[in-house]
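Letters A, B and C name the chains as they come in the text, with residue numbers starting at 1 for each one.
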Amino acid sequence: MAQKLIELVRNEFSDSVLDSYSQHGDETVVIEPESWLALGKFLRDDPGCDMALLVDLTAVDYPQKTPRFEVVAHLASLRLGHRLRAKAAVGATDGTGAQIDSWSGLWGSANWAERECFDMFGVDFRGHPDLRRILLYPEFVGHPLRKDYPADRIQPLVAFRDAENIEKLPPFGPSEGMSFGRKTHDQWLTNRDAADDDL
Amino acid sequence: MEAPDIDLDTPSVTLDADPMLLKMGPAHPATHGTVRIIVELSGENIERADVQIGYLHRGFEKMCERGTWSQVFPYVDRCNYVSPLLNNVGYALACEKLLDLQVPLRCQYYRMMLGELARIADHLTCVSAMAMELGAFTPYLWMMKAREMVWDIFEEETGARLTHSFGRIGGMALPPTPGFTEHSQAVVTHVISVIGEAERLLLTNRIFLDRLENVGVMSADDAVSLGWTGPTLRASGIPYDVRKAHPYLRYGDVEFEVPVGVRGDCFDRFVVRLEEMRQSARIIAQCAERMPKDGPVNIDDPRIMLPAKDQVYDTIEGTIQHFKLVMEGIKLPAGEVYGYTEGGNGELGFYLVSDGSGTPHRVRIRPPSFYVTGGLESLITGQMIADVVPCFGSLNMIGGECDH
Amino acid sequence: MATFQIDNKEIPFEAGDTIIAAAARAGIDIPHYCWHPGLSVAANCRMCLVELLPPPGRKAMMLDVLRWDAASGQYIKESKPKLVPACQQSVSAGMQVLSDSSDHVVRARAAVQEFLLLNHPVDCPICDQAGECRLQDYWLTQGPNKKRMNDEPIHKPKAVDFGPHIVYDAERCIVCTRCVRVCNELAKDPVLSVSQRGNLNEITVAPGRRLDHNYSLMTEVVCPVGALTSKEFRFKARVWFLNSVPSVCVGCSKGCNSLTDYDPRESKVYRYRPRENQAVNKHWMCDVGMLDYARIHEHRILEASIAGETVPRKAALEKAAELLRGVSGQKLGVVFGAEFSQEENAALLALSQVLGAETFFEAGRTPGNSDGVLMQADRNPNSAGVRQLLNSEPLPGSELAQRLQSGQLTHVIILGSTLKDARACEQVSQLTSGKRIVLASHQGPLLTGANVVLPVTTWAEIEGTYVNVEGLAQVSQQAIAPQGQALPAFKWVAHLARALGKSVASKSLAAARALFEAPPTASAESSHQAGAQP
């Protein structure tokens, strides 16, 4: 159903579309990040696309790939009934340089979606009117949905009281919350360097 | 008493005209759900507003990456915690979309019935809380009583009133109890009568209408641009319902209507929810007739469903099956999928990225109330401070879903 | 390159390959139990049966079978092609093999799997193999079956003591004879054999003997099920809580490639497994090396001390600098560590050059016996590396004792805790003359009477390059975080140099590595994924 849509996009952005495929009933188009804003405008304004609804905008972290983060947007057209997933990859392996144009001028829903994406992944959206954290408090350090952010790190704003069993405080102690599956993401927590600040 | 000896028409004092910053902080009796609205007031009019969410952010998406696919079910329950079964069913459908499999017919109707009951519970909560915040306490208590009866059904079916964790990839945790269809028909009939009574109390009340009509108007175009879906979008005039636009389960076979509002104000959002409950009742009645009385509820694939406990204890195959599914997780094929259903507040989507192992690489919940609350700022700007209460109430922001 | 086809995919092969070996090299797993790339072919499990399309112009060999037809309730005569074991069939060019794409093969695998599980005990919750068990893995992937037998399974001896390291459970055993072949072919000690017949088959130890050769743990490694378990590892840890890193065994100078399995939550190493390296150890490791992981957590020096008293690291470092300040290079001896990595030794060499010291010795564990297969007499992993760095043979340990006693050397920096010459080591430890600054990871004679002791990390706590007896440099990855107060020796050297007002650029692993020109290494990949168990 959205095959025509993919063809329209491919025709319009023939030199920046990197890939397109259909999987489990979803159509996806992968594009270079430099054309992100142009793609958004095209999808919204072109009568053959008419994607008035930006359903969701988020990112996924693939630490083994370069570029590392994949910004994923889901769009739908209420009038024509088709849907599309648009993806663009940004960011170096160490997490810096993740920049892409903001869609907040095209869809109002992009405003908060991009703020959340920035909050969780550290992706910078150029042109966003107010790119600050939305789900976490402003003093938070780091971007938690990155694979190299340890899930059991606590960042309390107020120091813990001097009490017993303090390491069993939530989220969890050292032997809880471990993934049962053989696969964990701990391999990305590579900083096990010996600390020698006292010397 | 003598008239004062001053001329009241000419002001002799000039008052400070700086806007006042008011923080309707996270703990506020009239905002159900934790959200902080910082409003800049000029008198009673809101010049600017900043809506700050995130007080209920629990790192749900990060936690999903630390378990298996089945271990996500308790997390999604706690997203939209007033209609948890809709979340369970939505997530199960997204996983099944990635597996390209369909559950048996009996399960499809079962999921629909439980989902619509959850939707009724959700709308009962929203509607009654809206009324309570405007001072009408009685309909709140009546609807809470009705909601208790819905929760009794859930307790009987799933064992829990609120956070059921009842969905499974490939089916449900247990088959329906023998009296399920009769019980739910009886409850739904009662709920409809309670709705009728509440309507009679509220919808002709001048104060109630004045506080809701033409307050917080959202135009259709703006609503779509803000990513609104669900009752709030339909109140603004757009008849988009995922159950009609992209039917899943057996929604294509049952008859129901999608109530659509006219003005897009708080009143429309209120009445749309009332009507949707009636439509949900219709769906439940039709499903109750069509649901097969016996037959399997779960698919019969040992790679996906857990075995019966006597098999686990007595046979090596059952033990291995249980071991593999629990310890390594169901191996969803590598790839990505976006599975979406109509949640209590709109299009509830799950974007799943799988790498072929039993551990999810990424679980993204597309929370409908996140986008709906994103529109709160533009909704209340220009309104009066007292309008924040019905506006916010009509959006039905569920903290668990908005902040995940 | 000659090729053949598996499921319509062209696979290259070498002369003499069997189908399963060529497929394994191409990354295709044909399910198997009894085949092992390092052992002879037994072909008794029948799991690797594949369908071989006949050469052009010939008919396939067909077997007459009876198929149960549920609809009619009768057996129907049919014929199906005879399947061949992929582990035994040699490949010829143009051969067409059907593996997953053939229904017969899929049904055969499910049938073999069903039979293997017929009498299998319901032991998964207490079996150590759970999580890395072929029966579990293949049950899930090769057509999950439900149990169809209603009778009591056969009962056999359980928890039989085979030897000093191995326990045998006959009920779990699928009699693949991998353990028998390991004893026969690797250890050249045919102490295991199959006894009894039919479904009473079990593995027994030769009468009057025990499974006590130096490769008994290899029987546990090759066992695809939980029949053979290691006494040191059983019931200690569940494998899904363990992470694996590719490492090199430091028990002797052979440098067998291994996998270090550790629990990241406790930072504790639980076992080694051998890693395949055709150039060094093929698929094997000796028992001594396999059990060497215990040394990571035993008899460790984890705190700095001055004259035997524990002090903070900074105090010990300053004391060491104070002792070395102004010492002439002629009077300073440096003892390199054959137990430590090239990075650490190269940093120490750089420090010696900066301090003008030229008298070099070598610390290391005393030699033992070679077993004629893998284990070498030299029980240190990096003796060849030290010689490469120094470009000469270090002076013998007796010289160290003598020069310290005579006053020819007044100060000595030692990386290690024992000398290869046990008598010299004893002498040095008794000396009261000469200042000794010891960087050590384990307790040892050289720490007795040492002036300053600085705790050093072991091989599992820092990545390191080790040069084996054949001159091959190999990298061992870091498994756990450094324990206690231990630091890698190259960091100590950098701090010591700075405290002495000099500079040695070895604060980080990369900087230390740059200090020696590492020859092209047959190194472990920097991946944290465990190697697949054959």
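In the analysis below, a residue touches a chain if its C-beta (ideal position, glycine included) is under 8 Å from a C-beta of that chain, and two chains touch if they have at least 3 such contacts.
Model, not experiment: these values are computed from the prediction.
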> What chain is most central when centres are computed from CA atoms?
Replying inline: A
> In terms of C-beta pairs in contact, which two chains are most connected?
Replying inline: A-B
>> So the centre of each chain is just the mean of its C-alpha atoms; given that, what is the distance between chain B and chain C in Å?
In response: 54
>> With centres defined as the mean C-alpha position, give me the chain A-chain B separation in Å.
In response: 24
>> Using Cα averages as centroids, what's the distance between chain A and chain C in whole Å?
In response: 39
>> Touching at least two other chains at once: which residues of chain C meet that condition?
In response: 131, 240
> Which residue numbers or ranges of chain B touch two or more of the other chains?
Replying inline: 327-328
> Using the touch rule from the top of the page, what residues of chain A touch 2 or more other chains?
Replying inline: 178, 180-182, 184
>> Looking at the complex, which residues from chain C come into contact with chain B?
In response: 117, 120-122, 124-125, 130-131, 135-136, 139-140, 144-147, 240
> What residues on chain B touch chain A, complex-wise?
Replying inline: 52-54, 57, 59, 61-63, 65-68, 97-98, 100, 221-222, 224-227, 229, 238, 240, 245-246, 326-329, 335-338, 340, 347, 349, 351, 353, 355, 357-359, 361-362, 364, 366, 370-371, 373-375, 378, 403-404
>> Give the list of chain A residues in touch with chain B in this complex.
In response: 23-26, 28, 52-56, 58, 60-61, 72, 74, 78, 81, 83, 85, 107-109, 111-113, 116, 120, 133-137, 144-145, 149, 151, 171, 177-185
> For the complex, which residues does chain B have touching chain C?
Replying inline: 302-303, 311, 313-321, 323-324, 327-328
> Along chain C, where are the residues that touch chain A in the complex?
Replying inline: 131, 239-241, 243, 264-266, 312-314, 317, 457, 461-462, 478, 480-482, 486-488, 491, 495, 528-529
